[in-house]
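Below is one structure; the comments refer to it alone.
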Amino acid sequence: MAIVLGPNRYGKAETRLVRVHRDGETHALVDLNVSVALSGDLTGTHLTGDNSGVLPTDTMKNTVYAFAKEHGVGEPESFALLLGRHFVNTQPQVHTAKVSIESYAWDRLGPHSFQRRGDHTRTTVVTVTGDAAQVVSGVTGLVLLNSTASEFHGFVRDRFTTLPEATDRILATAVDAHWRHLADAADWGASFEGALDALKTAFVETYSYSLQQTLYAMGRRLLEQRPEVAEVRLALPNKHHYLVDLSPFGLDNPNEVFIAGDRPYGLIEGTVTRDDVPPALTEWWL
Amino acid sequence: MAIVLGPNRYGKAETRLVRVHRDGETHALVDLNVSVALSGDLTGTHLTGDNSGVLPTDTMKNTVYAFAKEHGVGEPESFALLLGRHFVNTQPQVHTAKVSIESYAWDRLGPHSFQRRGDHTRTTVVTVTGDAAQVVSGVTGLVLLNSTASEFHGFVRDRFTTLPEATDRILATAVDAHWRHLADAADWGASFEGALDALKTAFVETYSYSLQQTLYAMGRRLLEQRPEVAEVRLALPNKHHYLVDLSPFGLDNPNEVFIAGDRPYGLIEGTVTRDDVPPALTEWWL
Amino acid sequence: MAIVLGPNRYGKAETRLVRVHRDGETHALVDLNVSVALSGDLTGTHLTGDNSGVLPTDTMKNTVYAFAKEHGVGEPESFALLLGRHFVNTQPQVHTAKVSIESYAWDRLGPHSFQRRGDHTRTTVVTVTGDAAQVVSGVTGLVLLNSTASEFHGFVRDRFTTLPEATDRILATAVDAHWRHLADAADWGASFEGALDALKTAFVETYSYSLQQTLYAMGRRLLEQRPEVAEVRLALPNKHHYLVDLSPFGLDNPNEVFIAGDRPYGLIEGTVTRDDVPPALTEWWL
Amino acid sequence: MAIVLGPNRYGKAETRLVRVHRDGETHALVDLNVSVALSGDLTGTHLTGDNSGVLPTDTMKNTVYAFAKEHGVGEPESFALLLGRHFVNTQPQVHTAKVSIESYAWDRLGPHSFQRRGDHTRTTVVTVTGDAAQVVSGVTGLVLLNSTASEFHGFVRDRFTTLPEATDRILATAVDAHWRHLADAADWGASFEGALDALKTAFVETYSYSLQQTLYAMGRRLLEQRPEVAEVRLALPNKHHYLVDLSPFGLDNPNEVFIAGDRPYGLIEGTVTRDDVPPALTEWWL
């Protein structure tokens, strides 16, 4: 019953890069948080501290900054692919590179002036193994709310169930969604904007009997509208809004005054997929 | 040398209120975080645990929710004044009420559908003492960046100074600004939007030799454009963006590739005021 | 190419439970954060909003509180198993229950007085599927530092490598470790304390040539000392401490003055396992 | 009605310093977060961007690191005084220096091995003006809980009061306390430990009828035991623990099962002082 090294990887996390592209008087801004993780033949450093196969994480950071100058930074998916392929192609002991990028959007206020948006974060996770690559795009921190058109009833009741049935409630969530591409998109930016629009539109248009139903509708809509996407995975916290009992004060409360709760919260997680897509290059759920 | 009770106050902090106003099919959403602090004759509870003058903080929370129904919630300044006056007028032992509100903006996606904005938080701090009231409005979390038109040189050099002079740098900050009103505004919402616009415009238009200069320009612009405001106080973190030295890689870096730093950061704080305004009802700086 | 529902689950996250056990004058305190996720036959609610198979997440919360009274709360692993088995055994449509618990430790100050410790969080993730159960214990937020006995050199150098070789550096990390049990422990508390001690002792006693080497030593030590554990997975951020260049001020700096960096940070992740253990009931890495 | 510059200051915030003191094989660790703010004659930089009176905030950071080497770092109060006096004495245009330090404690695991404690943060705020100095010491993040010996009743009831009277409840808080010294302490470390012990002991020993009563007892105890302290200011959130109603499940709940709430929370703030102390050098409340 020997003790052995199992799966492992290492890298540099959260390299914060701001890239200014100057086109005369008018500047463009790219604001990224880049994390790199490499795996391959790393037994030596684990077992004996032999670092002859270890590219320093400091070098990964330098590579991010140098590539931002040499190649510019366009869509985060492209930049992640460029980085991932570089590490796999130049380091023989590295078999797989995972490059994760968070992108922060800024609104333009002037030729060289910007205001950070803050309404969502665009994400990319690219995995490169040998000649193959897998691109997952996504969004986090997108907070949506319907103030009606949401019901919840007909559920299981057991000894511990006290929840009343609801025929009109607030439905709110902070969308965390990630979708795997079938192949490189012609235009990653347009693909992302289209996917984001599909998620938002489905949330708005779905008359909901459960957050699960809304989740499925959001994933389905995204797949319907984006043929370049293989599957989508969503984690939707149910951000509960509790109706306040105002009867002690002689007031009714016809779905007007709510407590916005912090914890606990529901958490609904699910995948919507196509029945004929090739399997993922690497497991990427959670 | 007796030990005695000094200044004190108590209240309920961070009551989270979502108020839906229903106008037929079309809903409007108000999303607030309300904190109340009362002071007055509270010696008994401190010295002996005699609570006969203590209105429970739970009651303050209930009052927030009940008032949201009874009176609706319009501009946060008005709602804070309503609450503050209620506590001072109905509790004789309470001499001063401070009501602080954070307001979170949502963009409309449909008649009853909304997306949280996240680009700034609107704040209000109202102090009511007897018949007098002081209203401070403000903004936090407004992140602005100029990618050029910022220099910093001509500063003091001592033994510990290594900073090179800069003739072109990124200037970025997260605006935290609060302004005291001379009197009740005719339209608190228009006043806030005008103040926000003044701050942003001055940041964009000021060719800056120091963040202090930009701070003063922002405060001055706000006072010029909003006659209803007595003074403005700003705390501006200097969110440093460090130019990356790419010369080891044979690359130049003409203000294109930056590290977005976390800590340490500069912190510039200042007041811009009118030379003839009445003093504040209560000290409100910090 | 039909669109179909893939893997999914739902539950209540972050139910905050404080349980006081009163033994006469002397009280004991258990402080937990409990999350439940159920999966099984949930197609109806996703596709049509038919909730006839949905036990409300509100009921899960109620069950946590009711069980805390009915059964008391001992070791978190036992409490998680109790909850997980309850959901699988009483809800035929539920095939798998995952119960995750964070435990916060308090030091005793008196018979009924406590101070929160804050030096680490104990974690448990229990998965129950049919008659089988898998128990993973762990720790997060355990911050360790060696101020010497750490080197890093002999690594790969490429075009982007500028890192100097180090023969004396600070090694610091925030331990995030999770270990899968082979079977129910006789004493979960003793098992956890023993595992924690193994991790800390290995960190202290390992003269380190890389954080990977320290990671492997920590995992190996845990397995050597805890025969009830099948494998351990560690995620160790390399919390960089940068030596300050004081030469501009005419000062040397023989490893005495450091900048504690925030971002970026290294991230070293790895598994240490036994070569003959049965496979995990469900994938649990990440 | 001219627009003019009002009070202002600037500095470097959150310089993270780790100082290793090496005494042969045995190392000692000091882990600080240092913020500096200077005020004085800074009109030029605000009005015209003339920086001839501005010591860069980058220099303040350098000074922190250089002083850590030149002078070592003992008690944070001493280090803050050293820094504050340096800026006021060497920069004629600087009239006041405020140096704020957070100190993070580590437990020893070996001659050069440490574990971060995390149970509280020690704070220091030193203000130097000309030849005068004011030292404020403090603590934040100290979480205390009594599981009984706390009541709350006899309070005011108005139309919005629904809170039942409590004769046995949990009392919990996260202590934020700051105390002003009459003069330099002979031993800042012993003074801090004594003050911390006084706060904790008073919390434990006070049978409480309100958190205000406990606050006053904590402040009074500190002043009784530390004659070097002029006054103490406390901000105590009332971390509510709500008794769960288990009656729907046929269970009673004699103060055993609680929900640990996040928001809203009570917030009790107060000062305990001596009736004959000299006034503060600068206002320091909040």
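For reference, chains read A, B, C and D in written order, and residue numbers begin at 1 within each chain.
Definition applied: contacts are C-beta pairs under 8 Å (C-beta built on N, C-alpha and C of every residue); 3 or more make two chains touch, one makes a residue touch a chain.
No experiment lies behind these values; they were computed from the predicted model shown.
Chain pairs A-D and A-B differ in how many C-beta pairs are in contact, and the one with more is A-B. At the far end from chain A, in terms of centres built from Cα atoms, lies D.
Distance between chain centres (mean CA atoms), chain A to chain D: 38 Å. One inter-chain figure worth recording: chain B and chain D are separated by 23 Å, centre to centre, where each centre is the mean of the chain's CA atoms.
If you average the CA atoms of chain A and of chain B, the two centres end up 31 Å from each other. Contact with two or more other chains is made by residues 16, 62, 66, 160, 162, 248-249, 262-263 of chain A. Listing the residues of chain A that touch chain D in their complex gives 159-160, 162, 248-249, 262-263. On chain D, the positions that touch chain C within their shared complex are 16-22, 27, 29, 31, 62, 65-66, 68-70, 106-107, 109-110, 112-120, 141-149, 170, 200, 203-205, 241, 244, 246, 248-249, 251, 253, 255-262. In the complex of the two chains, the chain B residues touching chain D come out as 1-16, 35, 37, 42, 45-59, 61-63, 66, 90-91, 152-158, 160-163, 208-213, 215-216, 220, 223-224, 231, 233, 237-238, 263-276, 283, 285-286.
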